[in-house]
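Two complexes follow with chain A in common, the first pairing it with chain B and the second with chain C.
Right, the complex of A and B next:
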């Protein structure tokens, strides 16, 4: 057996230095831990289906340098922070000026603030499960720290636009840390886009901590270009009676990987995780989610829908872990998939790991096709087959899109998905 | 509740009623495994050269393999050099030809088990190839089977008398290098059962092997091979009990099923090996590879299992559905109590057109036990119109028990449908209240509820097994309510 490939040392070369020293020190430590890190292979359980898509050659090791101006086609309706290649662009951003809400880039933090942050970075994520996202902690060059004082409410959503300018080869490491004080409320929209044609990697880590009664809604749109690998990790730790909602709209690419880890740490916490994934051509998307029910009386609800066409590959791995003593837990997971062509592949693994008896847990997974009878019904009423299939496919995912609480994002997502699905049915 | 607790405690203390050791002189190898041991084993059994070669090939392969660690079970490492690889009742030269000739000691053993061989055979009309330790000691009902052309014998016998069939099919479903335990089995298997159903024959009776592990430290490596020719049908029963031992005993069996065109194989298991005591000391390690290949068109392979025993179970009866319209089924009840650990499930590999499979798995975990369902449903690109339905439910009894579900679903065909659902819950207070309110004691109530939970699987078992299974479940669950 040949030895597993290791992370090239080129990825551990020092990156940009414009950060407060405690963060630079943290980065250095995290980097040291990654020396000789074995890269995932087919034998690595949580990369079983994706390792063959992963390319980590030295051309990606450098930081990206920006030349032009990238842009989002989202109608940004609230506040926004724009990152280009992982570094914030203050002049393109508009941050809220609201009492109790403090939003700053990492580069602007004082040493004492940075020390506090350094202690907390990575503590929402299980580093064994997110091997490659650890690279972010060793490489990030900037980031956004969002702090909500108790009972602070942000009136409009905060858009965080992470643009990647791939006019040269390299990687970007966007980083977000959000700390929601008790009973505070915020909606965050993360959008990942790219310009340029060179091969590039985005390795993004977002962390949320929710104190008692906090409510955080996260919307994550991944629409990087087809030359960009995307590896992302999102972690959330929930205090008592807090609520975390996540809506992911995922478009496939050469390698798309997102790990979402939610820990329900105090009684009464609840989370809702929704995801829509569409892949076509030779695209790939791999979603791994983990919900840890650590405390009793917590609820979780998870719904993911995948549509895979052509020779694309969609993967869903959802894990619900009920710890001992997490009695009265309620957990529901549903994963439905549409497999539209032979040649495409869908792999799903909805896992339950349960160590407490007084719980209600259920998961369901299906893989199937559009109902021929339903298509026939529409066609017999004069709707073209192409339109009918688009309509039905949209219906399959729209239920989840409808739940996105930001109107502009909802509409934009519907438009993009509709366009995507129409493209997929070339034969009409 | 105090009264209930007392009852419960009494029941918890109840010991494994099949725990005893039969004092029979056994012809046993020294512990250890190397090429010489394999040569000796092969020589003792008087095997032809091709078998020895096969075993050695497997052994060499095994040396390069690592013990799998992915299963959700924890146990101290097995020292494979501390196991004796052969144990046979003495006097192989005067092996009994009928029940009357069987060593009375042996018969008493079966009687203690509550299932007297002759009675069982006569009453149930079952031919029994009883495997006591490693060598088949009694084979009954051979004649009516022979009349039908059915070959039902020990695999050692088959190696001599039907080498062409053995050569053709042995290892064809579970290749020697398939996995660590299967490979060990291929190198060291001591005996097992061979069944061949000729073309168009419906086997006139249900075939059964009743085997138990006896002499201390003797790993038992069974090998079963069942071949159903075109248009034939066979139902095979396997049931096990083992005597009480403090030291863990290893069992690494391999079962291979081959179903040709229009053939049907129904394989049922009731497994009740020693699970260890209430502190998790002792018990059997059960690392089994079972696989059926539905090669032929319209063939069908059905696995039904009731697993209540063993300290550790690692077992995934699988179906490779290669033939067009072939059908695979898996019905399972796995119950764990005290410190038992089970990681069991199935694999359904759909390769052929219009293949379909059904998986019904019921896991019950009580005490401190851990019970995992691990399954794979895979649709290859050629599996046009294939269909799978999976349901795996877990029932938890007691707040220290654990239940897990790890289903892998891989689909590469757009004209196929797979559905999977799983639930986990406990025996609800409402259900208990309803029963108790009607004067049913808690112990019985749980038993009733659990039996109801498992009904879907029990109805798949042959009648005599269904009775045994229900009883087993009751015994295994006693002491877990409170």
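Right, the complex of A and C next:
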């Protein structure tokens, strides 16, 4: 038997030593744990559809060098933190000055603060499940620590723009940790974008912890360039009666993998996870989500929609795990998929593990094509076939886009999705 | 305007139209009547360009050009409009967005400037009152949850906005109560002009009380078996199709 390929040691040589020593030490430990880590293959269950898209050659191992000036892609009004190649650019950022809200870059933390953070980093993620995202903890060069004191409310969304400058080859490791005190509220918009034409990888990890009654909304826009592989993981741990909302808008690429793991740990916690995925050409996108109902009386609602055109490939794996004590859990999962061409592929897998007997757990997955009767109706009014396809595809996802709570992001997403779908090949 | 010559069409290998001949001139109103299954709806769908139907023989000329060579959207841009017997529900696409996209497609084709959202909303709201459709229906998904009558009024609303040269009404009267029938008929009458033609496909004579046709044609088993003036419709109403040698029951 051929030995499984391993992570090249070149990936375990972090650059950027401008971190407090407790974080450097954490990074070293995490790196040691990854020595000889086997890379996912077709036989790795949670990578079986995606391993063939992964191209981790040594040219990606080095850090990226930033050439240009950081700028924001979204028309960002209000608060924003700009990261370039995983390192925060303070002069391009505008952070809120609001009572009870403390936002700091990792590089600026004192040793004692860094020690506390080091104890908590990775504690929202199941490291066995996220595999490659673990590399982030061995490589991050900076990060953003957001701390909300009890009852603190951020009045406007915080945009975190993670820009990758791929004018040389290499990889970047943006890192975010958000700690929401009890009954605090915040909306965070993460946007991943890139410039430059060389091959690159972004490996991004974001973690949220929500204390009693906290409300956190996360919007994640994935629109890196076609030369950039993206591996991301988001973890959230929810205290009693807290609410976590996630809206993911996902554009395909050479490799796109996102793991979203939510743990409902105290009674009354609830989450809503929405995702819209569009792929075209030979693009790929793989969303793996896990909702852990640990405590009783928690609600989860998950809705993902994929649209795959041309020869592209979209994957959705939605796991719901209801623990033995989690009685009166209420879980709803829906994944609908639209294939725009015969060459496109969508793999969807709802995965339910239920160990409690008094729960409501519903799931549904469908895969279909556009309704020919609807297309005929539209074109019989003089609307072109391409426009008709775009209208109907947008109709398929609009319901989710409409729920994005930040108007500027909602509109920008609609515009980008519309433009993206217009570019796809339409079969006559 | 429209000239149909020896038109044969089939669906899934079964021949439905078996040689239709029909001349429609600008300014005229034609009615095609016939029992269920005679091919009335097939004729409408073929003229509009539904690819589920295959034309096996014959030709259709619109202003001397071969209509059958055109894509469905090109026919619409050249002025063909089909009011569907069963309008399609399209959740997620608002009626307003749909109507504006359609109107602007036609305007672009004619080299006219596109209408912006505000201009169009004003026009659409006014026109929807003309067909007695609450303007709130413009905000809803296309035909989504509309009653049968509301769907038919939405079809006529589209005709009024798109101003076609040839409006084909496929069983537009079916499922309408008398008030709705009157509203729909008023809409169609508002469309009539010396530059336009109307082709009504119907099973019953009652719509023809409100929209008086210049010509009535009886379709049976894929052919026009009799043509006449508007009096033919009354004769059919009184005597049924039997006297023409058509068995209504068998044909349906």
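Here, the second predicted complex is superposed on the first by the 420 of 428 C-alpha atoms of A that agree within 3 Å, B and C clash if a C-alpha of one lies under 4 Å from a C-alpha of the other, contacts with A are read in each partner's own complex, and residues count from 1 in each chain.
Note that a contact is a pair of C-beta atoms (placed from the backbone, for glycine too) under 8 Å apart; a residue touches a chain by one contact, two chains touch by 3 or more.
Keep in mind that what you see is a predicted model, and the values were worked out from it rather than measured.
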Chain B versus chain C as contact partner of A:365, first or second or both or neither: first
Which superposed partner A:310 touches (first chain B, second chain C, both, neither): neither
Dominant toucher of chain A (residue count), chain B or chain C: B
Partner chain(s) touched by A:102 [first = chain B, second = chain C, both, neither]: neither
Which of chain B and chain C A:324 touches, first, second, both or neither: first
Which of chain B and chain C A:382 touches, first, second, both or neither: second
First, second, both or neither for A:342, with chain B first and chain C second: first
First, second, both or neither for A:392, with chain B first and chain C second: second
Touching residues (chain side chain B, partner chain A) in the complex: 70, 381, 394, 396-426
Residues of chain C that touch chain A when the two form their complex: 48-51, 71-73, 75-77, 81-82, 84, 87-88, 90-93, 97-98, 101-102, 105-106, 109, 141-142, 158, 162
In the complex with chain C, residue positions of chain A that touch it: 371, 373-374, 376-385, 387, 391-392, 394-396, 398-399
Interface residues, chain A side, partner chain B - complex: 45, 324-325, 327, 337, 339-369
